[in-house]
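The following pair of complexes shares a single chain, subunit A, combined with subunit B in the former and subunit C in the latter.
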Partner chain A sequence: MKSGAVSKALANGAIWGFIILQLIFFSIAGEYLSLSDKAFMDWENMLLLLKQSAPIGIIAMGMTLVMVNGNIDLSVGATFAIAAIVMLDSMTWPIFASLGDGVIPIAWLLALTVGTLLGALNGLIVWKTGVDAFIVTLGSMLGYRGIVFMFNGENPTSHLNWTLVDFAEAEFLGLATASWFLLIVTFAIWFLMTKTVHGRNAYAIGDNREAAVNAGIRVGPHMMINFAIIGFLAALSAVVFYSESGSVNPNDGQLYELWVITAVVLGGTKITGGAGNVIGTFGGVIAIQLLRKGLGHIGADTSTVNLVIGLILIAVLFLDRQLNVKGKEELKV
Partner chain B sequence: MTDVKPVLRLEDIVKTFPGVRALDGVSFSVFPGEVHALMGENGAGKSTLMKVLGGIYQPDGGAIFMEDQQVVMAGPLEAKAKGVMFIHQELSLAAELSVAENIYLGELPRKSFGRVDWAKLTEQTDAILKKLNVSFDAKTRVGDLSIANQQMVEIARALTVDAKAVIFDEPTASLTDAEKVVLFDVIADLKRDGVGIIYISHRMEEIFKITDRISVLRDGQYQGTVNTADSTEESITQMMIGRKLDLSRNASHHELGDVALEVRGLSCGKLYQDINFEVRRGEVVGFYGLVGAGRTEIAETLFGLREPSAGQILLEGEEVRIHSPADAISRGISLVPEDRKGQGLVLGMNCRDNMTLPQVDDLKAGPFVAEGAEVAIFDQYRDRLDIRTPGWRAQAGNLSGGNQQKIVIGKWLSMHPNLLIVDEPTRGIDVGSKSEIHKLLRELAAQGYAVMVISSEMPEVLHVSDRIIAMYSGRVMRTFTSEEVTEDSLIKAISGLSDDKAA
Partner chain C sequence: MSDMSQNASNLREGMMASMSKQQIGRVLAKQGILIAFAVFMIAFAIASPKFLSVDNVFSVVRSSAIIGVMALGVTFVVISGNLDLSVGSMMSFSTIVVLDLHDKLGPALAIPAMFAMTMCLGAFIGFLVGYLRLNSLIVTLGMLSAIHGLTLTYSGGQNMDIADKEGTWFSVFGQGTALGIPVPILIFLILAALLGMVLAKTPFGRKVYAVGGNGTAATFSGIPRARTVFYCYLISATCVATAGLIQASRSLGSQNTVGQGLELEVLAAVILGGASLLGGSGTVFKTVIGVLILGFIQNGLLLMGLQFYVQFVVTWIIIILAVWLDIAAKRGKLWSPIA
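== the complex of A and B ==
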């Protein structure tokens, strides 16, 4: 077998094998352990799973782009919370009072704009200062979360708009609104990364930055655009989710960045950049959601879920590394 | 050629770095349709000159003309825009992307909505690949190609633009004979199209096969340009080395001790094959060859960084297997690596801690590090090696190259090694410190250490070695004693040419 073929197969297909394995395991284990007598692999259950995957999944698509580009964004959870507050709070502003439901598109637009700007700000700092994206977004994660708490202290921000709730709970061709958003975003980012010059340059920059610079690619602007995109998607994830729930706690979205990164890495994106795709990420998102749901189905609690996902993540990366060592001629580390 | 304007003309190019005049009045012209060889030893200034041409360095004096128009190369992009293309020895490709994307990196053809025009991209790429007669296609992932084929991708890049001048920097270093033929065909095509070509190589046979004229640099100074047809290997070699080189040879005058290291039939895949040599106590064995000849890889094997695929390593007559640097250190093998800053020192750490790094575990007082013992070791070797530092608290990164190298050497000496391997002992070190390091290596031999020196600088190898092992593409070509070695025979041996007189 050609070198790298196994790891490539892993990167491309293994996540789906893993998903099938989970489905089989939870279906069988569920027969014995589940408290309910409902089958795990029930169609309704799977549709619900897709809907529940949406908040993490929408952000994960942007994270795939940013990580392929050779960066990372830790601030998505905080951006998610800010966007939610902007949407829910702006609907109560007196200047929009006369608009009735006409406030909805304005609130959405405001939230999405804020998310995009916060993302672009991350990108601008990474571009202009040359500081590592990990550090920059670690800072903005704390900073943006600080803004969330400054806004309303420990209190939740709530506003229920029933038109909005109806929209969020609507189904079209059997799929929930959130599921549609996830699928559309997945397709859009897939298109961006595989079909456009910007997307291909993102791969080149993440793969060999020096080669990209020498080829005349303007690395900074590309990175800023990608950060703006992930900011937009974090906000989109928030507006979709909170249109239905109508209430945001200042702690909401915490640890989202870690779930998102876990999904992206499970989906085969290289943490050092240059390789990865949204189809794999989609698989990673589904796999995590399946694991959470499946373990719940057989009666495990949340802490067990976290432990298992952590172990699986490390096992996957270890396997990938083992398969990538190029034989004995390689310099040992 | 009176009415033909040179595509590229360099006039009196000067480039100085602190303490070094890297280029000192270099002038030559390249005409359309000419293959112009640029020769010189490692460190003669070829790479610096190429960086000036490529806009990476700005010259301190002189001018560059293209077709009699003075030009300023402000950066790599500008050089490319002016039609000057480089084919680098070190590949700069994105391994995860396809061949086509790498060739058109930065200039992917677009359709509406910023989409990549894949059809056009593939078509253009296939046309170029066809010219190169290669076995892979536009969609192949670059990471799946052999190094030689990756080199072909680099070459393909130069063919995408309307190049006026193409510079090949050691392009055949990793090519097989069949691939070389293809490369030379490509060069012939370029030549026919009126492109000016600068060809940098150490390999005499290639130079005489494909070039029209040869320009020679030595120590940053331009030595002249000659017609290839009027030259011989001897005359070129003489221009490269010059005659003022009279560094004294340093054969040992003391008795040699026991064999410290013996290597029998050592091989490591494609990196080197069937290596045999021994190093005795009290002698310096020099390893000379081109970059990629396998010298560093042998050192890395002896230090436990690579696993040999065949052969034996004997220390003091006893066969050993070295699986890791920790193994090597415990058996008394020390390596002063090539990349001092990257591999030899922890730059942010102070001098004392750098020096005692490998033995800090042995210097414990109970569970704690014995700082007093560390300072004592540092003081001892500072005096012995004459390391100039404000004190042990100084950060290693702030010292000069020569003093940094002495710290690395001191680090190993304080462990009393059986074998000291020094890879490129004076790379990036100023002239004064250079001779100090050379003196130090000789002294160590005189004190009974077994020393291996790997160097790409001929004067250095000649100066410090008792014996010289000449390597060429993973094999030992010849072993010279310091009495019999000549510059000429050494250059021939490392260029893969057999020396008639020696045979």
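== the complex of A and C ==
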């Protein structure tokens, strides 16, 4: 009993311990290795880190919900790109020309609606056909990406609206707009998962679908709602990010699903469903961004970042298994 | 057009379900992918006369060979109840390594060295998934990233090129022909026949099915589960190395991201061939059909004058329809029982 509690606390706190370890390591290593004379633990640097975590982080909150529910969504990167194109392109449509800056909320609304619908479509297919979510979203990842390319070929879609850029670059109480969005989304999904019936049902379905069905929970609608939510969040992430940059390449968002899943798994969510929380995911997102930034700070290039993140993911999986009490009871073969 | 026929067969299946759904279900589940393949070929052949010309068929199979060879190995992994998402970046790795070593050691030494290095990676994954029993999706996801990093480090971020492109016999694997058939096709077919035999006719093949079908039962029957999974990843890595060899030899120079995203196409082909992601079902022959379907769809749509990217959307629809049809036939109901 006691060892169970200890290992549980270890497992839950592991990600934050890892973050602290990284901070210490990069601060010390940075003294010797960094080319810039700025300290790594600089307050502005940390705020920038939070802002840069936002695109992945916002999607990762939705992925936590979907994975706790026992599914997975590989199509988020493509949904991200479609939403970005919808937002940037709709601002140039002639019917909205007379609106001036009034087009901005309409463009946002259009992008978010499209994202939600694409997510819901995934959910509907999973629900109605009974095909595994991995296969469904693997397919739609190709399909949605195809739609992105069909829209404008290999060319970027660009539209810069300065009001929008000002909004995206604004700071409120010291935090950038994107950071606020990340914090609000984290809180909203935390509330949804812990304080609402839908959230509790999502855990129940992910833990044991049969039991959930027997308890009278309607599995299908819950799954579809969760897919709609992750679609919405992928679109929200795109909307926040591209308000600032104003130009989207058809390849943008590729491999986002991998980053997002890595963050979620680092944060302690079980790939089999039923366990995980957004606070852990938030830690996972920060840990990854810290690693990217920290390795950059001490002069390592992207190749090292990829290598290290891959190995850390495997190491976390291994440690999680060792700490997991349930694992010890399993058949040793 | 092809979608309509898929839909039609769905509809037909729905109508006949009341009569003898068990029988029809069994036939569809067993031969659905062959029927779909035939329908595609006929539809495209009617739409474009060039489609079935020898030149076109050869060029399609030749360009599918790289995906195909990787799909053969992934079939083993999937049947054993696991996933391999790392084949794309592993192929980049082997392509870059063999091109680099070609100039340093000469082709005769470079090829076995590259195979050995790639198989080490496969053995590492096999150890993690087989012996440590870690989740294969996450492990291979991590390895996708890690091997990508390894490749970038190895190549220093540079593209790799062979210095003397005219004077090397290395190009034979990708560009040569033997007996009037392009060598990549030969490699693909011979490997398919060999691995098909291994899977269908040897004790090892039966073990792969047993481990994927019910791991616990397999263990109690005295089947070495860990070792079987380990060998599956080793086979997958060998296939990836072969694919890397074909790719390197075909282009004699390469970017270090050459295999990026291929893991999904490979998986799509394997799933299209009817292998269940739960493990325990699928055959090498069906995977070959899945690979060919993907290749011919891509080619057929281009010949019909459609945009290149339309194939992604069509592939999406086909994957979902194929898997849906497959499991609908098995459960005897079109719609899922999920409440």
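Basically, the second predicted complex is superposed on the first by the 319 of 333 C-alpha atoms of A that agree within 3 Å, B and C clash if a C-alpha of one lies under 4 Å from a C-alpha of the other, contacts with A are read in each partner's own complex, and residues count from 1 in each chain.
Assume a residue touches a chain if its C-beta (ideal position, glycine included) is under 8 Å from a C-beta of that chain, and two chains touch if they have at least 3 such contacts.
None of these values were measured; they are calculated from a predicted model.
Once the two complexes are laid over each other on the shared chain, residue contacts for A:G274 go to subunit B alone; subunit C is not touched.
By the document's definition of touching, neither partner reaches A:G299: not subunit B, not subunit C. Look at A:G139: by the touch rule set out above, it reaches subunit C but stays clear of subunit B. Touched residues of subunit A were counted for both subunit B and subunit C, and C has more of them. In the superposition on chain A, A:V197 makes contact with subunit B only, while subunit C stays out of contact range.
Of the two partner chains, neither subunit B nor subunit C is touched by A:P105. Applying the stated touch rule to the two superposed structures, the overlap between the subunit B and subunit C interfaces on subunit A comprises residues 330-331. Partner subunit A is touched in their complex by these residues of subunit B: 76-77, 80, 92-97, 101-102, 105-108, 110, 113-116, 143-144, 268-271, 300, 304-307, 309, 324.
In the complex of the two chains, the subunit A residues touching subunit B come out as 2, 4, 195-198, 200-201, 203-204, 207-208, 210-212, 214-217, 270, 274-275, 327-332.
Residue ranges on subunit A touching subunit C, taken from their complex, read 125, 127-132, 134-136, 138-147, 149-150, 153, 213, 218-220, 223, 254, 258, 261-262, 265, 271-272, 301-314, 317-318, 321, 330-331, 333. In the complex of the two chains, the subunit C residues touching subunit A come out as 128, 132-135, 137-139, 141-153, 157, 216, 219, 225-226, 261, 264, 267-268, 271, 277, 307-313, 315-317, 319-320, 323-324, 327-328, 331, 335-339.
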